[in-house]
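Input: structures, listed below.
Two complexes follow with subunit A in common, the first pairing it with subunit B and the second with subunit C.
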Partner chain A sequence: MTTTEAKDGLVPVTVLTGFLGAGKTTLLNRILTEHHGQRIAVIENEFGELGIDNELVIGADEEVFEMNNGCICCTVRGDLIRILGSLMRRRDRFDHILVETTGMADPGPVIQTFFMDDEMQERLSLDGVVTLVDAKHVTQHIDDSHECQEQIAFADVIVLNKVDLASEAELDALEGRIRSMNRGARIHRATQADLPIDRVVGLQAFNLDRVLEMEPGLMEEDPDDHEHDESVTSVGIDLLGDLDSDRLDAWLSELLATRGPDIFRMKGVLSLADTDERFVFQGVHMLFDGRPDRPWAPDEERRNRLVFIGRNLDRDALEGGFRACLV
Partner chain B sequence: MSLLHPRRRIDPVVAARLRGWALERWTIPEEGSVSVQELECDKPGCPPRETVFVLARGPGETERHKVLKAAADVTRDDLEAL
Partner chain C sequence: MPRVSGEAVRAELAWAAQGPAYVAALAWRPDGAWLAAGDDDGGVALFDGVSGPWGEALGHDGGTLCLDWSARGVLASGGRDGTVVLGGTRCDAQRGWVERVAWRPDGARLAVAQGRRVTFRDESGYPVDVSGDLPATVSCLAWHPRGVLCAAGTYGGVRMLRGNGAVGVDHLAWTGSVLELAFSPDGRYLAHGNQDSSVHFWDMRKRSELEMTGYATKVRQLAWSPDRRWLATGGGADAICWDFARRGGPRGSRPARLERHEGRITALAFQPEGGLLASIGEDGVVALWRVGEDDLPLGGVALDEPLSVLAWAPDGRRLAVGGAHGGVAMVDVDADG
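Coming up: the complex of A and B.
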């Protein structure tokens, strides 16, 4: 049995995304029909409410609206606020929630809905974003479809599906391309979305305690990054030293205010000069969530490690701005 | 607004009170939901805090109302005036 229940009794929520025909429905059906011991409520882009083998499946309408003021520009999903509110009144009927988006959906508003709403944060825990990628056909969209790029950029797990239709060389090239866009995601290869359920649920990817459990190589600079300046890339920063809190706060605030729409996700651990505790953070667009973590160990290097995933990221500007915050 | 300090959350007691008032002020079907959120801003000309009520009544029926005050300061009269 896969245990997906989050800490503190929060209900874990998995966001399942992927371009048209990538295999979302196939994976969803596997998750719903396999004997894993979890009762999963599904919010999908279909009308109606029906039960499949005692599962709860609710239709959503992907209604997006903005929550803006002078400082924050944030897009959330009104239908999710409604459906999740209603679903939580039937809390005894499920252990896990899965939100399936349409093939053309931007995952950002789904994630931001969880970050924005206090009540949701008290009852639900965003477990992770799983993106299905059609290994054979994604190359037709990956260069020019913002939706396709953003689905990859937001992912914690990428299921490279239909690998039986592509050659090993094609798969390696595609995996390299995806890794340059999102170094933080785990990539699993699959045929007919057949992979163990614990690869896609129980990730706890948005848990601040696990911010640093990044993939190997996350911080390594890709020599080809500059060739994709207009596209989606990851920028990792790894610097020793302590940070001036005021300068960092000012820099980050300005960065998110001006570049927030282009920054899909960020996360990291920081060494602030005025505290003995590590500071962990993550963010989605302009929404930032951070807190002090455990104390630095006496023999531990006070190292700042962070990663940005976004569009049109300027590695030199990001690293220069961050470096200027060091004391 | 400091990013390095935890985001200010609405006191759950205050949030429950505001949701209760919202349910009395507006007609929300049983399958609908009310979300109360507080936005913070330090830019000149912006209210430092505003409280936003998101009324999600049904498919395609989501609306927002704002009170330009912190959530703890919002009164029932503020909602009636919306």
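Coming up: the complex of A and C.
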């Protein structure tokens, strides 16, 4: 990954995930209705219960491509590369592209497609991953479905949909559960996917400038954190001090090489020794993108804040490893 | 363009025409009298090879994606409407984009790649055979020069199909996504360019294989020289040319690297006779090279739009190019300077 800065002329892409019946098609139609007049292409991998009213809906079979080395972090979605590559030739360019995945899709390869393929990277910018969750029925999947857990873990925005079918207590419990899995995402409640559209599009979630706009409380230790034995969790680290770049580099390289498949997403702001600027980064599996940001203010506390979202994360090992990089 | 060798190739723009959209495919009729261009708006434009624009053939709603003119002079096209037009007749639509059409060298069979299937039609359009669903979408097709087998590239390798009702005879298994295929003119080698920035070769006689990695981008540009000495490959701004005249082929060799383009090379093709290699790129440049003799282009022209496709006229004296903004241009090439 070289850069995720928003560049002029890049067409934003929103990825919509969630199980069948969670309300993806409803949200899709709402986006299309509110953005009428814009040219929006929709790539659909399953046919939902409602039809989609749009001039350009393309059906595609999900095709996950592994590369020759067989690494999960290098898998991409061949169907998206082929279709989007073809659509990018058009003279009248699209204003936005929506990719709807099936409930059984792993979001990892979808996201990686936009960073691993040179043409995609040059012409498109991944705006965000929006995961719809059926507030009533998700409890049937959340414990044992890897797909369900991964869709939550990879999300920038999670829409708890159909909240009218669940009690307030159920919703609070679910929201707490989801937050323990992914502290980086914003959670919105909705009944018929009826939330303001600007909460799901225009996120620029992969733009390094937005890394700092992480959810408040992202790093706080959750009192319930060790209550469940969940396989997908978030680990937030917040430490004062400066980092030794070489040690940090070595630690991160080793971490991503050995644990890359388990680390779905990460982002953070770091304080590097001998550097006046803050260092911002984000990553998906083994793809890592970082750069110096604005200088630290004279009265600003130089602290390191980062979050890992993934499977089987060992908080003590992560924090210990990171702490050892401090000068 | 700077040159150091004594040889010069004169390249001059003969005519240029403006079409509506990205030119996705170009094909010459084998007698060199006609050129067809398929564009992303769905048109199929016909050009007189000498004088330029002539008319329109049946097109494809949503975009024309591929064209091929048979040895017997029958034009076939396919596109996003899911149909094939064959000799002016539209065959019935099926689900999925028609991404490739390829005539068997004798012109008696047309292979059509649509989704996971390859359909084989005779000259009248009658579907003689269908491959059945392959494990992944067919991204490219290439007929063996002797015209018995058709290679279909997919994620997972290459399927050899007969196109006569017999089941697929061979599967060259390979982990990764195949984007473009090319048989050497003698049929001994099959090369494919891949999504993972590599080129893979199969020696069909020895059943051995070899992989070249380290390209800057995915590789979709492959061209064999007619004498089968060189395989020119894209996958970045430079043309990388592998020498097959050496004993043992290109294994362990350093390829010739042709540097001129600023931006990605989008297509490569050798002159049918005369041995020149033409390259075009996103920089709008058409460059002409003599591989193995000169590392700088011997001539060329620069056009004002990113170029997408090229096709040598059968006599090798004209080169047609198409661009990302809809331009179609004809370049006269005179190797005697």
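Note that the second predicted complex is superposed on the first by the 294 of 327 C-alpha atoms of A that agree within 3 Å, B and C clash if a C-alpha of one lies under 4 Å from a C-alpha of the other, contacts with A are read in each partner's own complex, and residues count from 1 in each chain.
Definition applied: contacts are C-beta pairs under 8 Å (C-beta built on N, C-alpha and C of every residue); 3 or more make two chains touch, one makes a residue touch a chain.
In this text, all values refer to a predicted model and were calculated from it rather than measured experimentally.
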Check: Superposed on subunit A, are subunit B and subunit C clashing or fitting side by side?
Finding: clash
Next item on the list: State whether subunit B or subunit C is in contact with more residues of subunit A in the superposed arrangement.
Entry: B
Notebook entry, point to check: Looking at the overlay, what does A:F322 touch: subunit B (first), subunit C (second), both, or neither?
Noted result: neither
Next item on the list: Quick one: classify A:L272 as touching subunit B (first), subunit C (second), both or neither.
Entry: first
Next item on the list: May I ask you to decide whether A:E63 touches subunit B, subunit C, both, or neither, giving the answer as first, second, both or neither?
Entry: both
Check: Once the shared chain is lined up, is A:F308 touching subunit B (first), subunit C (second), both, or neither of them?
Finding: neither
Item checked: Touching partner for A:F114 - first (subunit B), second (subunit C), both, neither -> neither
Note to self: Applying the document's definition of touch, where does A:S86 land relative to subunit B and subunit C: first, second, both, or neither?
What the structure shows: both
Next item on the list: Mind working out whether A:R291 is in touch with subunit B, subunit C, both or neither, as first, second, both or neither?
Entry: first
Check: Who does A:G78 touch here: subunit B (first), subunit C (second), both, or neither?
Finding: both
Margin query: Per the contact definition in the header, classify A:L252: touching subunit B only (first), subunit C only (second), both, or neither.
Written below: first
Note to self: On subunit A, which stretch or stretches are contacted by subunit B in one complex as well as by subunit C in the other?
What the structure shows: 61, 63, 65, 67, 70, 76, 78-79, 81-82, 86, 117-119
Checklist line | Complex contacts: residues of subunit A adjacent to subunit B | finding: 61, 63, 65, 67, 69-72, 76, 78-79, 81-86, 116-119, 121-122, 245, 248-249, 252-253, 256, 272, 279, 281, 288-291
Next item on the list: Please name which positions on subunit C make contact with subunit A in the complex.
Entry: 20-22, 24, 40-41, 63, 65, 80, 97, 99, 115-116, 136-137, 139, 155, 174-177, 195-196, 198, 211, 216-218, 308, 324-326
Next item on the list: Sort out for me which residues of subunit B touch subunit A in the complex.
Entry: 1-4, 6-7, 9-10, 12, 15, 31-37, 39-43, 45-47, 50, 52, 54, 56-60, 62, 64
Notebook entry, point to check: Can you name the residues of subunit A that touch subunit C in the complex?
Noted result: 61, 63, 65-68, 70, 74, 76, 78-79, 81-82, 86, 89-91, 117-119
